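Next, two complexes with chain A in common: one pairs it with chain B, the other with chain C.
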Partner chain A sequence: MSARLSPGRTIAAHAILIAWTLVALFPVFVIVINSFKSRKAIFADPLALPLPGNFDWVGYETVLKQGDFFLYFQNSLIVTVASLFFVLLFGAMAAFALSEYRFRGNTLMGLYLALGIMIPIRLGTVAILEMMVASGLVNTLTALILVYTAQGLPLAVFILAEFMKSVSDDLKNAGRIDGLSEYRIFFSLVLPLVRPAMATVAVFTMIPIWNDLWFPLILAPAEETKTVTLGAQVFIGQFVTNWNAVLAALSLAIVPVLVLYLIFSRQLIRGITAGAVK
Partner chain B sequence: MGALELKNVTKAFGTTEVIKGVDLTVNDGEFCVFVGPSGCGKSTLLRIIAGLEDATAGDILLDGKRVNDVAPAKRELAMVFQSYALYPHLTVRDNMGLALKQAGQSRATIQAATDKAAAMLSLEPLMDRRPAELSGGQRQRVAIGRAIVRTPKLFLFDEPLSNLDAALRVATRIEIARLHRDLKATMIYVTHDQVEAMTLADRIVVLRAGRVEQVGSPMELYNNPANTFVAGFIGSPQMNFLDAAALGFAPGQVGIRPEHLEISQTAGAIPAEVSHVEKLGGETLVYARSPEHGLLTVRLFGEHHYQVAEPVWLTLQYARAFQFAPDGKRRS
Partner chain C sequence: MAARKPVRWHIAVFLAPAVMVYTALMIIPLFGTLFQSLMNETEGGDRVFVGLQNFATLFGDALWSDAFWNALGNNAWFFVIHMAVQNPIGIALAAILSTPRLRMAAFYRTAIFIPTILSFVIVGFVWKLILSPIWGIAPGMLDAVGLKFLFAPWLGKEEYALTTLALISVWQFVGIPMMLIYAALLSIPDEVIEASEMDGITGWSQFWKIKLPLILPAIGIISILTFVGNFNAFDLIYVAQGALAGPDFSTDILGTFLYRTFFGFQLQLGDPYMGSAIAGAMFGIILLGVCVYLFGIQTRLRRYQF
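Moving on to the complex of A and B:
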């Protein structure tokens, strides 16, 4: 991108970006403001801000009292963080092998691993459920972690392999001549250099896992393994929906994922990578 | 017996052969330069010696021992890369000491070795910085320092000066030559720049398309090239090649270096027309086009004034001319 865009184009670009930001943030905004309002106020004027006249904590009170929300949060966090850890670890290792070593079937293996990007894992739900039943993993968090790790790996391998190809061969070879093991080369030379890519993959992987309703509902619907998105469903009934509670639960669910996002986005700054190789 | 011996080394990537049977002995304490155009296999050969690539066939001997299956770190050699390849997360001191630390040396030994290398390269003020805080020339000195610290049997340089600007390149070249004198170590140096090869080498190995074309001291290659390729590659500006038949010799080519071609405005053997003049102060290069032989370069010392399109006469110093057969081989 040239730094010297004409002012007209700069303004147009910003206008488009701001418009898109507003569109993307609007539903979140509506959820958050309505979670602080009384039931009547939500229906009377959904777009009104929570002011002293219609302000109400009732949604949050319900969420914190009814149902075991701290447990749900804990479950969601365990599943997301553990899946993320495994996706990044195994994804990076597979990507390193694919980009660094020449072996028979290297390209085919890469394509096979990337195939998962195009085929939704949900098509295999029945088979997955049968497998989980057979291995006695139904209603455990392990079941979810395994499924999400599988779901996240294809994209992780694909993106990281591309980035690892760009890491200087000389640097890895210098490590080999200095007697570093392949594991040291991977963990202390290559991984720090692909940190921005790791952060990107982490963000892409984390959000679908955190938001998923499908697999928790099918594989782990028990009270003690419920995730936040599944937990919030108790307030949605066939005849009556407790909107205050649903909106409060969703608002709360945004917070942890936002914190994780902030952590990863800081990694996107390249920092110490400059100056390794010219 | 030499410090390094290559016996019929070949390397193929799939079906493409990049090294086609190289035999070579590098003597102890020798500065050996591999030179050739890009893609000639010189870097691949260096990486085979380092152990970063496996040879498809043939033996690599270091100090008389076959090292084909020895890991790079165990071959007791050090390598300096074109891109410096410093560890970005370590300070200059740790970069230089890492190999010794991996080899299990004591802290005091490492400290002494890094201090000594730093003193040789005047790196003392930079020891606690990270690579990102250094300039290109400083980084390359650190990379050389990292190699010295290991006191290896063999130094390998892979185009170490290519990323430096012209002035720094000359300074670093002199520094490498001085290091070679001080350390008396065996060094193998890869470059595509024949000036680096001529100025640094005890012995030059000219490579083309995976084969050794000629091995010899810089002056042997300059005065006694085996074929048109070596004759054209060594020496700058490039040697002129003339049609031998037109000069009354057996068919083939006659090679004459620009400094051995005489130019006159009045009389001579070959009529030509000046097409370009380069004035470098200390010397003047005249490019003259002859109808029979094409563009010829004449190198004159001092300042000379020729005009473009001026008719001139060129004369060969026949004692300094080389005759080549049509297949490019030198006629004796």
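Moving on to the complex of A and C:
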């Protein structure tokens, strides 16, 4: 049992965490409260809560009438979830190969895959666009999923390999003595042990994909393949003076990624504690 | 050791999907771009090989080099702020969060990470609103505590704009070092902590002498991730200040410079060849940083197996 903290230090810890939590949430709070207020109230008193005197749905009405936001949400969700699945599966497999086996070219292969962490995939945009045009994948969600899988893999391999190095060799060798195949060792021994790392990688992979503006704009700008970030950006451009609508659109754009994050963060907590206790 | 077996197909099976997707969509297009940086167009519009001439123009010709060195300097400052502010705050928050039996730790951790999940579209828009002298949340709040004289239109002044944007970026991304360090701290086994307590090492000295050395590999990872992320940055500057990175290019970093050059902006035409050269220079800078990390730092870190 570790020593109990003195009450003074506990209070100090809470004070610091509460202070930073307020700093972190304040801008989100500003967007959300003002999205429910009338135009006049937004300007008169930006920090007032939406109360009966100044409450107004007009922003949300404009958004729901204008953009096809449900379709955008669906597109973003499909792209994010599919890319995430491939990044985690392929990334963990490659990380296992690199951290577990000694073979000729191991270090070289590690460096080759790590190259993608430092080089933004955007530098190759023109060539990617040409490739997608040639294969007829422009304006499909498949194009986005492929690009995001490639974009997420290097970091996933890098982080997962770091974590897999600390999985005990004895455990894996015990599995081998019991006659498990290398595939079984990977899927049933190693994967469960690196779950916290997987959850971390999932959060870090998911966010840039959901929020990306660049590739949706270039590879899939059609109405039926627009993602929610692109939809919101186009919306800000069209309604730049209609603050009600812009704030409502931004509030709506926050919701899905927040939900997705909350789901994964529970997994993150469970994964982290499972990993720590073993 | 499995090394005695003749052909270990499972290694290939494990590596193949990742390597194929990655090679086709990342490496091939990237090298296409690097190759293009060695090319240029003649008056007649033919592509010709010009060697390193584009780079000579970029580094030496005042028309290009002023903008390039300005962007590089700004980018370095952007990185310095992240290393000096974001990572210490992240480590401190993680250390506090990992206090045993701290109530509501899960809530704090979730809340502090929320800015990180927001898109740049939202972050840029909301901070512009908050810092705007017209709408006036920031001046109003400073007024309430009697510090109104401190207010300045931070995003509009050349001397503050870059630092302000860097701090906005710190605000947004502090969750990443916090999460990684937190996971690293939790993976330290209780026996190690208990042993140190038996020896009378607790509190601050426990953090400095026991935990910090054990999480150094994680700190190494966040440092290199910060470096790479900062030298690739583009979106925040773009959504807050536009592609011209105003006021008067004082917030111009390599990403925005590349964008303007590659795709053109307003009256300036896009130049794919010089754009590729800037991309090549960014590639070089980042490669250098990563090599320093991989060969100079990572190999010296001790890793512990529990």
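Please note the rule applied: the second predicted complex is superposed on the first by the 242 of 278 C-alpha atoms of A that agree within 3 Å, B and C clash if a C-alpha of one lies under 4 Å from a C-alpha of the other, contacts with A are read in each partner's own complex, and residues count from 1 in each chain.
What we mean here is this: a contact is a pair of C-beta atoms (placed from the backbone, for glycine too) under 8 Å apart; a residue touches a chain by one contact, two chains touch by 3 or more.
All figures in this text were calculated on a predicted structure; none of them were measured in a lab.
When the two complexes are overlaid on their common chain A, residue A:L141 makes contact with neither chain B nor chain C. In the superposed model, A:I209 lies in contact with neither chain B nor chain C. Of the two partner chains, both chain B and chain C are touched by A:S168. The larger set of touched chain A residues comes from C, when the choice is between chain B and chain C. By the touch criterion stated above, A:I177 is placed in contact with chain B alone, chain C being left untouched. With both structures placed on the common chain, the touch criterion links A:F96 to chain C but leaves chain B unconnected. When the shared chain is aligned, no partner comes close enough to touch A:A41: not chain B, not chain C.
Of the two partner chains placed by the overlay, only chain B lies in contact with A:P192; chain C stays clear of it. Residues 168, 272-273, 275-276 of chain A lie at the contact with chain B in one complex and at the contact with chain C in the other. Touching chain C in their complex are the following residues of chain A: 2-5, 9-10, 13-14, 16-18, 20-21, 23-25, 27-28, 30-31, 43, 46-47, 86, 89-91, 93-94, 96-98, 101-103, 109, 111-128, 131, 146-147, 149-151, 153-155, 157-159, 162, 165-166, 168-169, 181-183, 186, 196-197, 200, 203-204, 207, 210-211, 213, 229, 232-233, 236, 246, 250, 253-254, 257-258, 261-262, 265, 268-269, 272-273, 275-276. On the chain A side of its complex with chain B, the touching residues are 168, 170-171, 173-180, 188-189, 192-193, 272-278. Across the complex, chain C meets chain A through its residues 1-3, 8, 10-11, 13-15, 17-19, 21-22, 24-30, 32-33, 89, 92-93, 96-97, 99-104, 106, 108-123, 125-127, 129-130, 135-137, 140, 171, 175-176, 179-180, 182-183, 186-187, 189-190, 193-194, 197, 202-203, 217, 221, 225, 228, 232, 234-235, 272, 279, 282-283, 286-287, 289-290, 294, 303-306.
Chain contact summary for the complex, chain B toward chain A: residues 47, 50-52, 71-74, 77-79, 81-89, 98-99, 102-103, 130-134, 136, 139, 146, 158, 163.
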